[in-house]
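You will see two complexes here that share chain A, one where it goes with chain B and one where it goes with chain C.
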Partner chain A sequence: MAYKPQYGPGTSTVAENRRRQMNPDIELEKVREVTDEDVVLVLGHRAPGSAYPTAHPPLAEQQEPECPIRKIVEATEGAKAGDRVRYVQFVDSMYNGPSQPYQRTYTECYRFRGIDPGTLSGRQIVECRERDLEAYSKWLIETEMFDPALTSIRGATVHGHSLRLAEDGLMFDMLQRCILGEDGVVRYVKDQIGEPLDREVLVGKPQDDAWSKGKSTIFHSLVGESYRDDEEYIEYIVRVHTLRTKYGFMPTEE
Partner chain B sequence: MGKIERSQKLFLSALKEKFEGQDQEAVKTTFYNFGGLKQSPRKREFMKAAKGIEMERGISMYDPEHCHLGGLPMGQRQLMTYEVSQSGVFVEGDDLHFVNNAAMQQFWDDIRRTVVVGMDLAHATLQKRLGKEVTPETINEYLHILNHAMPGAAVVQEHMVETHPGLVDDCYVKVFTGDDAMADDIEPQFLINIEKLFPAEQAEVLKKEVGKSIYQAIHIPTIVSRTCDGGTTSRWSAMQIGMSFIAAYRMCAGEAAVADLSYAAKHAGVSQMASILPARRARGPNEPGGIKFGVFSDIVQANRKYPNDPARASLEVVGAGTMLFDQIWLGSYMSGGVGFTQYATAAYTDNILDEYTYYGMDYLKDKYGYDFKNPNPDTIVAPTQDVVNDLATEVNLNAMEQYEQYPTMMEDHFGGSQRAGVMAAACGLTCSIGTGNSNAGLNGWYLSMLMHKEGWSRLGFFGYDLQDQCGSANSLSMEPDRGLMGELRGPNYPNYAMNVGHQGEYAAIVGGAHYGRNDAFCFDPLIKVTFADPSLSFDFAEPRREFAKGAIREFKPAGERSLIIPAR
Partner chain C sequence: MTEADYPQCRIVPLRMLKPDSSEKLLNLVVKISGIRRMMINGPNLPRTVPYGPARGKPNPNTNRRVITVGTSDFELHVQVGSITLEVMDDSVIEEIRALCDAFFAEKNFPYQLQSGRKFMKTQASLTDYAKYGPNVDPAVIGLTDPRKKEGPIIIQGR
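Right, the complex of A and B next:
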């Protein structure tokens, strides 16, 4: 029988949203558009229009060793070109940010190739070849994985995910990399590491509360769905813990 | 599981003080208008002090308005104060950094400079090999000499240099025994009186454990263990013990029997506070990484003072343990960092962990009939997997909901590692106190971690990926190299050796298993008795209160050098 991923347990909307994000067979809704140059500016790794710095010559110009794995796994475009490895890091508000750190990692692992994600409580970083990174970042910004108010691209000084929201609804950012304009549009005025940009990068209007709640992938008893109410989810975790505990005894068949 | 009502929210008064005039349940607030660093009196004090130092030494120093993020100082949001839990004292975060807190330093100093040395081996040598008479009078005379010699004074040779008593006034030796008649014969100044210091039930057990033996509780000078290291303590102590025996019993300084006394004092009769660490950790005995959790729970004395509140007793261990293991051991010894202060303080400030733990106590009583105010081995709950799962699930869900319902509390514990440690500690303590089983407590910790991670799709920093996501499998295991009873685990236990926000809580979980049964001790009765001594510089029954005193600069430490330096 062919393996069919289940992506995760749960009967709640949160659980369903998590499965949707992870499942690569589902095309996520494109909510906004940003240009390739916008992405390059916010990432801050290279000047728009400049060539990709390389870590090694293109694979086609190298004498590749005889290796069965290389025949099975096709290199990504960035790897083929010899791009260096760079990163994008997201901060997700606990007040119904549409994606959350582990959720991002799981989703990226299902949908992207050639990545190295790192997951923390207040931020999630993913590293890969630079041109692949730009393509992935564009998708992460344009789709329902992103909310201009509740998601933020930050390389450093990331505190904010657990803080109350500012009066204008934006997640706290000590460096105020993005601001809410009078036109209601959120714009990045600094790149992810906090360097001022030559021009603003517009990422659209914040989603309304109903959208945020409907797309949320975090349980939250005050502003969203209560974890306790998804009994299937709780039961699944307890089962995993119990089985792992029993495994610790190294049981053997009599 | 099933939520229970608990109207008392222990954290609310702290939140109201910290976020004065604000709606604790509101999701929105204002930022960027607090005046940066200058909102904090302590930061202002630092800046002023640094200016003076720069003028004096001609080298730049603390300059946060220039150096922090290229000119963007901290304080774009409110720089909070913290209430040291159950002390009623509000302090600034900086005051809980161990460098700024003399009580925290003394806590560790008092452990590092302590060894326990039995007297029976020495007495046998004196009596059987040398034919000396050992009586209460000779023991008292020996102790008199030893309290002269231990701080660094000469007893045998002429024309010797000695230490200034004012610099080593924290150094002394007392003895204890389980033999009431012998205890009566020891001069009170030299006796740790088990009968008087412990509740009656605990005293009986401890006296039985100690038996007719006599043990010396030795505290070498703070200034010595600071200048040298924890490995010095047994050596310094043994040297003075040997010299004092020679003086008290008129022995020949060179005779071979002295070697027997030295061997007993240095090796055969010694209890170190911490075992030696492997070479890659590069620490000798009596350094923090070698303190077994069972020993640490005996060092902290809160269960002696609060025998009818195992939650309180355990929470004191959390405070003491996170300070030592996170702030000093991992924060500086191991990582070389400036101390993981805010990982640790989350567990002993603002009564947040306290509230979650007492919720667990109420749940134990409500669902299982275990009355934590009357801890008793006969009333504990059997530590089955179902019980652990139920307790940890309910306590963890409650904790998550409290963070959600009070956004200022979420903001207080702004880091996931803080929340993870606190929630898992509440779960672990509930399981260990209720079942009297430390490994059951550890197992509850790991269920909390898994549940937290899945609920909020986040946990702590990278390290939590290893330790907390495979911990279920080793928490009840006794397999060599992957399992051990909680009492014998410690900061250097394989999976525990690299991650802040865990070790202090684990120690408390181990302690809780015994406090929940009203045991007199967790692992070592000798260490339990040793740290009951009221003459110690630090009060080990109230570590959090002592840390608060240190924070407000009211704690008087030992080992000061003001006698021999110019007045400032």
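Right, the complex of A and C next:
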């Protein structure tokens, strides 16, 4: 029997959005455009236009050991070229942010190759080879996984995901990496670790409330959908917890 | 220790205020007579990057600026999340409520005015004792972080 992934339970919009993001067969809506140079600037790992520093010689130039796994798994472009491993870290607001740490990790694991995600309560980091990272980051910024006001690229000093939004609708950022311009466009003035950029990087206008609510993958009983209202999700989570508790004692369902 | 318990209240807007709005609101609030003490809370806006690879580098931030309240100038170190006030009696809280109703109606986001007795310290804690000693002015307790050098700001009455 062919396995057909279900991605997740739930009947709510949030659950549906979670499945949408995770399912690699669904192409996510492209909401904005950023250039490759913009991405390089915000990541801050190398100067735009400079060559990729390498951690080892390209795979083609070195003798690889006889290994069946290497024959099965094709190396990513970054690994082939011997790029360094670098990171990007995202923070999503709990106020209808378009994604959240676990969701990002699941999504990336389904959609990307050669990654090492790190999932924390308020932030999610993903590490991979530099040129792969730039391509993945670009996708993460351009699609509906990103909202200029409610999502932020923060390498360090990430505090803000659970705080009330600022008056202008942006998520609190101690380092004020992005600002809302007079024209309503959010622009990054610092890279992800908080060093000022040579030029502003525009990431578009914040999405309106209806869009944010419709695309959110986080339950919030005050500003969005309430977790308790999704009975299927509750049933699923109760089952997981019941089996976890019984595990080691009598891991069977009655 | 304060001799009597004074009523306290806390203004909690749904959105965190920008320096301009905070300045405007505080200037309206200080015009009300009968406010004993006032405290601004919110997440810190450090002068330098506190951690990460850029640690120690300057952190330019438009939300951290000098504001003028009454006749006193001071630098906002936080993004204003709530304002706690200790007042002489309950009628002052109603005046504050009326003022805030008008202010936040203009802002288009709601706020909460919570009232109670213990939003800010009224008694010296062990830390206060270690910092200020036994003969501390009760008006200072709970107003500033004892670890910081800067003291409270005195805003003159009308």
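We adopt the following convention: the second predicted complex is superposed on the first by the 249 of 254 C-alpha atoms of A that agree within 3 Å, B and C clash if a C-alpha of one lies under 4 Å from a C-alpha of the other, contacts with A are read in each partner's own complex, and residues count from 1 in each chain.
FYI, a residue touches a chain if its C-beta (ideal position, glycine included) is under 8 Å from a C-beta of that chain, and two chains touch if they have at least 3 such contacts.
None of the values given here were measured: they were computed from a predicted structure.
Superposition model on chain A: chain B and chain C are shown in a clashing arrangement. Contacts of A:Leu120 after superposition: chain B is touched, whereas chain C is not reached.
Touch criterion met: A:Ile193 reaches chain C, while chain B stays clear of it. Greater residue coverage of chain A by touch, when chain B is weighed against chain C, goes to B. In the superposition on chain A, A:Ile179 makes contact with chain C only, while chain B stays out of contact range.
When the two complexes are overlaid on their common chain A, residue A:Thr157 makes contact with chain B and with chain C alike.
In the superposition on chain A, A:Ile234 contacts chain B only, with no contact to chain C. Of the two partner chains, neither chain B nor chain C is touched by A:Tyr110. In the superposed model, A:Tyr247 lies in contact with chain B only, and not with chain C.
By the touch criterion defined above, A:Tyr7 lies against neither chain B nor chain C after alignment on the C-alpha atoms of chain A. Common to the chain B and chain C interfaces on chain A are residues 157, 159, 163-167, 169, 172, 174-176, 194. Across the complex, chain A is touched by residues 1, 3, 25-32, 69-70, 72, 74, 76-77, 385, 389, 393, 397, 400-401, 404-405, 407-408, 410-411, 413-417, 419-420, 443, 446-447, 450-451, 453-462, 465, 470, 472-477, 479, 482-483 of chain B. The touching residues of chain C, counted against chain A in their complex, run 13-18, 21, 43-46, 49-54, 57, 59-63, 79, 81, 107, 109. For chain A in complex with chain B, the touching residues are 18, 94-95, 100-103, 118-122, 157, 159, 161-167, 169, 172, 174-176, 194, 217-223, 226-228, 233-234, 237-238, 240-242, 244-250. Within the complex, the chain A residues that touch chain C are 155-157, 159-160, 163-169, 172, 174-176, 179, 193-196.
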